[in-house]
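In the part that follows, the structures are each spelled out as structure tokens.
After this come two complexes, each holding subunit A, first together with subunit B and then together with subunit C.
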Partner chain A sequence: MIENFKINSSEIDKIKKISKEERNFRINNLNFFNEKGFPNKRQEDWKFSDLREIVQKNFKKLNVNKVNSKVKKINLIKDFDHNYIEVVNGELKSSNFKHEEKNKIKIKNFKNDNFLQESKDNPLICLNHALSDKGYHIEIEENYKFKKALIIYNLFTEDLKENILNSRNKIKIGKSSELHTIDLVINDSKYKFINNVYENIILENNAVYKNICIQNEKNDGYFHKFSKNKLASKSKYSSFIFPSGSKFNKLDLEFNLEGEDSECNLQSASFLNKDDHQEIKTKMNHLAPSCKSYQKVKNVLSSYGKGVYQGKIYVKDIAQKTNAYQLSKALLLSDNSEFNSKPELEIYADDVKCSHGATSGNVDEDSIYYLMTRGLNRKESVKLLIDGFLSEVVDMIKSNSIKKFVRSKLQGQIHGY
Partner chain B sequence: MKNQNINTEQDYKYGFTTDIENIRAPKGLSEKTIKFISKIKKEPKWMLDWRLKAFNRLKNLKEPNWQKPKYPKINYQDLYYYSAPKSASEKPKSLDEVDPKLIETYKKLGIPLQEQKKLSGIAVDAVFDSVSVATTFKDELTKKGIIFCSISEAIREHPDLVKKYLGSVIPLTDHYFATLNSAVFTDGSFVYIPPKVRCPMELSTYFRINASETGQFERTLIIADKGSYVSYLEGCTAPMRDENQLHAANVELIALDDAEIKYSTVQNWYPGDKNGVGGIYNFVTKRGACRGKNSKISWTQVETGSAITWKYPSCILQGDNSVGEFYSIAITNNHQKADTGTKMIHLGKNTKSKIISKGISAGKADNTYRGLVDIGKKALNSRNYTQCDSLLMGNKCGAHTVPYIKNKNSSSVVEHEATTSKINEEQLFYCNQRGLNQEEAIGLIVNGFCKEVLQQLPMEFAVEAQKLVGISLEGSVG
Partner chain C sequence: MLEIKNLKASINNKDILKGLNITIKPGELHAIMGPNGSGKSTLANVLSGKNGYEISGELKYQGENLKEIPIEERAQKGIFLAFQYPTEIPGVNTNNFLKTSLNKVKKAKGEKELDTLSFLKLLKEKSSELGIDEKMLSRQLNVGFSGGEKKKNEILQMKILDPNLTILDETDSGLDIDALKTIADGVNSSRDKKKSFLVITHYQRLLNYINPDFVHVLSDGKIIKSGCMELAEELEKKGYKKIN
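Presenting the complex of A and B:
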């Protein structure tokens, strides 16, 4: 690995108040990262996204120093009432739960108490474990349903310059509770930086979690997020992801359906252009009987956009009556765009229904012709068709005000095409 | 020595051995062995040099380890790389000179070696262990200018063709097993169809591993010149032994302008017994190049045998408007493992490919479809359709699908779909109700499940394949 990207273990000493055990844990992870370096395409999970090459091409050195997180006032969304927390450069700054009962919610800075070594397959996770010292930790008590959605404003300040940020977040939802969150990314930095997040979401029995992730402004950020989600019996998880606009973005999502009758629903729509590189990788582990999972990933790609979808459904031998579905659709609008997919099934139980589909191609000429006969010009027709293609995902959002908000964001992108 | 036959129930009817005196190369993999093979085959110097080049290359290669089925390490020094019936050392001029024991073996296998079985109308090249023992219907084929002979003969008699095409699709420097084959290949078939000739009959090769502790390394080279057509069948069997035998073949197909090659395989190597002891390791490299415009290569395979099958018949679609097809049935039972699929590499404009794969796993078997569809930047207006269905019987087996799909231009369309399920209870009930017992009903449903692939097989093979499908699954339900 190139010396510039090695990280000195003195960085760990800068993290205050850590036990000996934690220090060892961090040093082990750091050594592992320094040995392996950024993952490259020789690793199966990174086959289509060679991060090492991307980092070497775009960064001269990496800055792990703490950044000054001065914030100006965040422009809150006025479209609908909501609770919010502010996260600046990965660090929890403030929270506001004015619509909820305060005693049901616990929120604090993340503090790691689990020093078991996780898989060593992903050096970025190791790097995160070695250096992360910030992030949020939310816990919801049992039997509490949120009245309004919680917006998480993820702000990146203009002080960031070739920085690498590591943060860890955790959300735990108690029995029969319900939480809706919206992740919003606001980027003020004009420089390149790397954001490396490790997220842990735990759903107890009957819990419901809905998440919408929006990130659509053009930015120079390089994002990597690993999310590990645990679903207990009869819990429901649904996630809508609308990522685009980043130089590099990899979402690595792992769902463990550990309780019977749990359900997971994942949908994504993105519009990638001008050198965007985006990968969504999912691992849906069906570990208990009668679970359901549904994945739909839609991508529109133009001028040098590159999209990747790697999805895996794993069904353990005891997970009978599993129903799992996976669909990836891509529209390639220009010849320099590229879409790679690897929809994988690994099944050890026989009484299951598992299927997947993957397509990629251009906008249907017949449809364009039809619209043109109705008086639209070619560009308008294409836009309308793209809008229809992506809106299918947006339409699945239940709340009208949120749906309207998401749609306006998406349409802004399509309009710019 | 572990070379006695196993006396288990006879569900593998090709499990007999033939007692024939063998000539063997010295044991182990070395330059000496390669020189021995080359000498006994009376090969010219260029061929020996080619083999040695591959052997040198092999020293730097490692066995691949990414594939799903894991196998115990193979000791390459403990194998015989050449084994031939003694009587075949001088190739017989007519069938009367062939060792009667050999003819009997092939009779047991049901191969129409005798020309009196002309009615069946298939020209056969039979490979016994390491040498080709007989090629039938030679005269009739020669009249049309078709060359159908063993590869050793082709090296001697048609060196220009061999030199030009051998290794042009699977280069010397390919992966471990392909390179191993290039170094030590012993025999195989060679087919050349001259321009504008439609081969009047199905050409066929039958492979049989007889001797123990041998690996079979055959090499097949088929060239279809401009505007020609050929349909080629390949069948394989081996005796039942409690040791694992290696079969690492290379098959190269070349289709020039407007030519079409149809390659069908019914692979029924010994799969090992119920506890997973013995069986063949079938590590085969098959690759076809559609070099010319409007050319077409179609692979059809029925994989029922082998302890481990690991092969990906591929098409490189270089010529504009060329077509690649892949139809596959892979059935695994007991402890068998199959990791099979295809690669469709689209390079030319308007190229089309179609993949239909049916996997059936029962017992404790693992069945994986692994495929690649790669549409290059210049492959405008290309099209791919992939369908892979898996059927599971019981909860101790596994079915996996690992497709890689790459699309690099906007005018091409790629479609992929896959499903995994078990046999529909309602269909079973319906069949039972009509008087079929459980096993017959499953046979019927599975044959229906595989129909799209079975239809692609030539008549003679289709019947055999249908029976095989039934036999392979016997005892898997209960």
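Presenting the complex of A and C:
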């Protein structure tokens, strides 16, 4: 039981070659974290996900030490051609951009050079600022469209044991450039661990970024990701995420639509069962006129699965002609599963189209009856309905080969139901 | 094929079927007509195994006590109900569903399941017979289908599953003249010595095409009159009120 988890500042001294400024930044953040500890339900942002309680219940100790794992070879996906980078326990290990013009792409280990304190509200972000010393940093030059998708293989090794990993990633897409990424989590871990990520994505004018996130193997990981996304004028961001299978997962996604006519489309589909606890939190900040945002969050919950969606849409006074839409749908398969949603609108402009909706309910009995009269048993019928419910998001993926790949991943997961 | 004796069914304390008798032999086509709310769909639901009804009386299908057979097994044993109002099921692809359904039934019968290719061949054949646009079948099951398209989709399922006992619940309602003819042809081409049909309808027109062996009038939960095609003609002229 770790009642009062504190991290010694000597951990920061282990990080090599840092300036005085960086050291101060890290120490400050470490102090914030040590003061507050893991966030608990008394903090508004964490009221449905009491991480402190969850950590206390499940961890006897926590290891901040670096892990030097022997890395097996990652089995690359053969379903379609792609570029890739390999990230092991948060650390960039290799990259391969064989389908692209190399001089258009910069890839390196992430090195922080921004030591402005942005917020102290989320202790996990402070923890990340204090300790993260790995991650990737990708920059795409202007006017370059990727020919093939980039797969980010995120491997978690089997020797992880009560570790807490902190990593930081950044992707910057230059003017009128386009990048498609697929974030794939491969989890070989056998024990519990915490993975705490800070992500920063920047789209310059007219840039296009499409992302698919697949994390669906059952695992004992406790994940937190804070993602900060900046959209410049006429840029387009879309993300289809399929997270599930982790003991705990919180995705805290912030989008700043800073340039006119920028667009953000976020859709998720999750199947949560057997004590999975997952929260998706989005904050859409409409800061410029004529931007569009769309969020659709679908959750299927069974045996003690718990899902949360907190979605906030903020429209600044100058952000006229905003078009913002948010929808959350949950399908509850058992009485002991739970779904909470908290939509929030904060609008200071008058000429806007803004709407949100949330539904949650059981599987439709008439549908089950119909399917059963066609020879399917109850379980098969429910499975087909779950698949149908979640597939709606998969179907939005344009590339057929990628769609097929995602679908098979998702079906494998439902199969266990 | 089907023997129903003194069937009573109620739901939410409302008695709907009040002692219904009917026997359908292999190869026979029976039509049931009756006023709105008389219990026709309830009978169809009870035969398909829908939950929620309180049932008494005797229900036998191919000699077996139907009450003991779960819904999906009734389908696997060859009972097929074409719904009056087919359920819209978002997200479920029609093609996929049809294939899953067929293979479940085939498997239960101990037959070889169809692979995608041979299934698509069968589907193409059956859907073109019924004048169904194949594009419709790549859509979500019944979602946004027009009334007539939904009914055709039911008949397509009947054709694919090839049941022993088919119950059509007002499959002819809401169909245009050509579609009605197509569906009647679909029924006629399925008829043989071994297959039986229970056709619920409000209109004589369908019956003209399919020539029922028997026509029954269901009123207030009971069969009040049985006869042959002439009874349907009489009903068309006089209405239900004057029949008894």
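The working rule: the second predicted complex is superposed on the first by the 413 of 417 C-alpha atoms of A that agree within 3 Å, B and C clash if a C-alpha of one lies under 4 Å from a C-alpha of the other, contacts with A are read in each partner's own complex, and residues count from 1 in each chain.
As a working rule, contacts are C-beta pairs under 8 Å (C-beta built on N, C-alpha and C of every residue); 3 or more make two chains touch, one makes a residue touch a chain.
Just so it is clear, the model here is predicted, and its values are computed rather than measured.
Engineer: Aligned on subunit A, subunit B and subunit C: do they clash or fit?
Structural biologist: fit
Engineer: Is A:267 in contact with subunit B, with subunit C, with both, or with neither (first, second, both, neither)?
Structural biologist: neither
Engineer: Just subunit B (first), just subunit C (second), both, or neither: which does A:219 touch?
Structural biologist: neither
Engineer: Just to be sure I read the superposition right, which of the two partners does A:361 touch: subunit B = first, subunit C = second, or both, or neither?
Structural biologist: In the superposition, A:361 contacts subunit B only.
Engineer: Scan A:167 for contacts with subunit B and subunit C and give back first, second, both or neither.
Structural biologist: A:167 sits against neither subunit B nor subunit C.
Engineer: From the overlay on chain A, compute the angle at subunit A's CA centre subtended by subunit B and subunit C, rounding to the nearest 10 degrees.
Structural biologist: 80
Engineer: Determine, under the contact definition given at the top, whether A:317 touches first (subunit B), second (subunit C), both, or neither.
Structural biologist: So A:317 only meets subunit B here.
Engineer: Based on the superposed arrangement, let me know which partner A:349 touches: subunit B (first), subunit C (second), both, or neither?
Structural biologist: first
Engineer: What's your read, subunit B or subunit C touching more residues of subunit A?
Structural biologist: Ranking subunit B and subunit C by residues of subunit A touched puts B first.
Engineer: Could you state the shortest Cα distance, in Å, between subunit B and subunit C after the structures are superposed?
Structural biologist: In this superposition, no C-alpha atom of subunit B lies closer than 15 Å to one of subunit C.
Engineer: Where on subunit A do subunit B and subunit C both make contact?
Structural biologist: Shared contact residues on subunit A: none.
Engineer: In their complex, what parts of subunit A are in touch with subunit B?
Structural biologist: The touching residues are 44, 317-318, 320, 330, 332-335, 337-362.
Engineer: Which bits of subunit A are touching subunit C when the two form their complex?
Structural biologist: Per the touch definition, subunit A meets subunit C at residues 364, 366-367, 369-378, 380, 384-385, 387-392.
Engineer: Would you mind writing out the residues of subunit C in touch with subunit A in their complex?
Structural biologist: 48-51, 70-72, 74-76, 80-81, 83, 86-87, 89-93, 97, 100-101, 104-105, 108, 140, 157, 161
Engineer: Can you check the complex and tell me which residues of subunit B touch subunit A?
Structural biologist: Those in contact with subunit A are residues 66, 377, 390, 392-422.
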